[in-house]
Amino acid sequence: MSTVALVEESDATAEVAAIYADIRATFGMPFVPAMFKAIAHHPAYLKASWERVKVVMGPGLIDRKTKEMIAVAVSAANGCDYCVQAHTTALKGMGSKDAEIVELMAVVDLFSGFNKMLEGLQVMPDIGTTSRN
Amino acid sequence: MSTVALVEESDATAEVAAIYADIRATFGMPFVPAMFKAIAHHPAYLKASWERVKVVMGPGLIDRKTKEMIAVAVSAANGCDYCVQAHTTALKGMGSKDAEIVELMAVVDLFSGFNKMLEGLQVMPDIGTTSRN
Amino acid sequence: MSTVALVEESDATAEVAAIYADIRATFGMPFVPAMFKAIAHHPAYLKASWERVKVVMGPGLIDRKTKEMIAVAVSAANGCDYCVQAHTTALKGMGSKDAEIVELMAVVDLFSGFNKMLEGLQVMPDIGTTSRN
Amino acid sequence: MSTVALVEESDATAEVAAIYADIRATFGMPFVPAMFKAIAHHPAYLKASWERVKVVMGPGLIDRKTKEMIAVAVSAANGCDYCVQAHTTALKGMGSKDAEIVELMAVVDLFSGFNKMLEGLQVMPDIGTTSRN
Amino acid sequence: MSTVALVEESDATAEVAAIYADIRATFGMPFVPAMFKAIAHHPAYLKASWERVKVVMGPGLIDRKTKEMIAVAVSAANGCDYCVQAHTTALKGMGSKDAEIVELMAVVDLFSGFNKMLEGLQVMPDIGTTSRN
Amino acid sequence: MSTVALVEESDATAEVAAIYADIRATFGMPFVPAMFKAIAHHPAYLKASWERVKVVMGPGLIDRKTKEMIAVAVSAANGCDYCVQAHTTALKGMGSKDAEIVELMAVVDLFSGFNKMLEGLQVMPDIGTTSRN
């Protein structure tokens, strides 16, 4: 159970309620995710975080579905059940089937394994590789 | 410096040399990455790992460039300089400019922060979200 | 469920029982935390760990409440539910309200995100910054 | 070396230059940290991140020095040299001596060890502890 | 709950069924672990991963029980309940009692703590130590 | 460079000097590792940590070489260059050759990859497996 109370929409101040309304409008879902309700005890942080979500996940050089895949991959690497669940749901809403989700996790598996093995052998970056930067 | 000697191409057994040749052919580069030279002391592991690289990074439902982005994102989350350098180089070879690489890292930043904050507040996954799985 | 049996107070040897008594006295609580009951299968490790807890969490240059905040922050970064729960409870016992706990997690969020982004961009420490050490 | 070019002050657009000026004014230092120069390729992300830094590290329920300690502790747990260096320098600027920095790391050591051991033994949170939340 | 459906033996293609049969034969257990059923949506990845399991966990310079201990230790450090449970069960099947499992976790605790503390103090490797490599 | 000064043997108090002497005697090496010199600013923490090293790494149910392997594996998973270097050196002093070190890292690679993939797919532990605990 969350260590802090969730600030429900009925209890939100006008400032927080306005952010909640923007979250619902942007996500197109009938509820505000618990993550935002948990951090609403610090309205300025909630606001600055939500503004950043819109900037980072909004239109740019990388398309939205790829960003959702990266969200799931990073959350798997960092070990966050909440984010893995939420963004896998988002991917499914964009049409991803089980085979695609497993293919994504195959990449996470491959590099997570190599990452730790390379640390354990202290292998230095390739000169030929880095000089191409 | 690597804690084990790198098995140079000139010192490789025929079995290892054949894998090295396949790596060079597949990567289209004039050298074998140090990672493979380091693990060549255990030829069966080198071979099984290389076969898996080809399966995981080869054609599928997710395109190669997206897989390289995931490789960089996961390696950043896991803290592996070698893989970050190698796969950022690969991304640049596929046309990524600095702005795209920073946009990728913005996603890594956003979710790595949320991942740890959610753990710290012990927020449970949304019922509404998970029920859509 | 724990992969090892918990050594209950009624089953403890005299050596372990004496440590349990010291834990209860120091923590001022009517029970011994499960963590200590789990490691009591290795009494010398239990004893050395408990002695270290007293040294590290005891009086020094940093006050106890700040140490509890660091305990929660580190446990969030490392992904340990048990320690997050236990030390958030301790913080609440020292008067922390939900707003303070969220403010603490805002710091964890900010730096966990930057930590991984900086790894992903391989940014070197500032000369101006490090030269002040 | 950074995988992206740093956007130097002399090359910054007016939008980025204004953020750089605010950073210098807020930190009271004669240079802009490399982290911000690296992410300036994505001005909206730079701006949203800097705004969030000011909110999270600004006045609140937790004092600034404690927040710097948490920044160092979290960066140690996540393995980020850049942030460890930068925020240890900040702590020293606020008067911390070597003994205090080691005392801080003793807390990081204690809980990082317990965090992983508890995961390895799958110990469940204490009922008595959690029921006090 | 798993974010993808498990591919049960009754639904498996001939290719996947053959791998399942090999897994059951090798592990000597009456069921196929859920991990393999989850990744069977990507048969080539399942096959390449299973082949690698046999190579890495098979006979070599390090005995099987030590490899199982390393599996538990690494899974504790990386925070994976599934692998901790599965490989602790394997260790118990090889005769490990609670005292041995706690002794293993004592090593994980000791070094996980030191790992993060050393990162936080930025201590460089000893010249005398590294020169012996 | 370390963020704190190392307390050299010539500058140590009698209390610290006695611990240094015990470290040299126990490790059988002509110098005190930098890790201990860094934390000597907090003598009680140095002492409690060193006592715990002796208990955890001393004789027990698991032999010393296996403990050194676990130290390297855990340090690779946690990303600590210092500990990887120091304990790989220790392993080499006990006769480990490059092939054995790579075999050790193959196990770290295998499970680190599976650990993160399982988190990303949220696979639950096998009932058949856990019921054998």
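As written, the chains take the letters A, B, C, D, E and F, and residue 1 is the first residue of each chain.
Just so it is clear, contacts are C-beta pairs under 8 Å (C-beta built on N, C-alpha and C of every residue); 3 or more make two chains touch, one makes a residue touch a chain.
Given the structure is predicted, the values throughout are model-derived calculations rather than measurements.
Placing every chain at the mean of its C-alpha atoms, the farthest one from chain C is found to be B.
Across the assembly, the mean Cα position most removed from that of chain E is the one of D.
Comparing chain pairs A-F and D-F, the larger number of C-beta contacts belongs to A-F. The mean-CA centres of chain B and chain F are about 27 angstrom from one another, to the nearest whole unit. The distance from the centre of chain A to the centre of chain D, each centre being the mean of the chain's C-alpha atoms, comes to 20 Å.
Centroids of chain D and chain E (each the mean of its C-alpha atoms) stand 33 Å apart. Multi-chain contact residues of chain F (touching two or more other chains): 1, 3-4, 38-39, 42, 45, 49, 52, 55-56, 60, 73-75, 77-79, 81, 84-85, 88, 99, 101-106, 108-112, 114-117, 119-122, 130, 133.
Viewed as a network of touching protein chains, the structure reduces to a complete graph with every chain in contact with every other.
Residues 72-73, 75-77, 79, 81, 84-85, 88, 101-102, 104-106, 108-117, 119-122 of chain C are the ones touching chain B in the complex. The part of chain A that touches chain E in the complex is made up of residues 79, 84-85, 88, 98-99, 101-103, 105-106, 109, 116.
Taken together, the chain D residues at the contact with chain C in this complex read 1-4, 29-31, 33-35, 38-39, 52-53, 55-57, 60-62, 66-67, 69-71, 73-75, 77-83, 85-89, 92-93, 99-100, 103-104, 106-112, 114-119, 121-126, 128-130, 132-133.
Those residues of chain F lying in contact with chain C across their complex are 1, 3, 42, 44-45, 47-49, 51-52, 55-56, 60, 130, 133. If you check the complex, the residues on chain A that touch chain C are 3-5, 38-39, 41-42, 45, 49, 74, 78-79.
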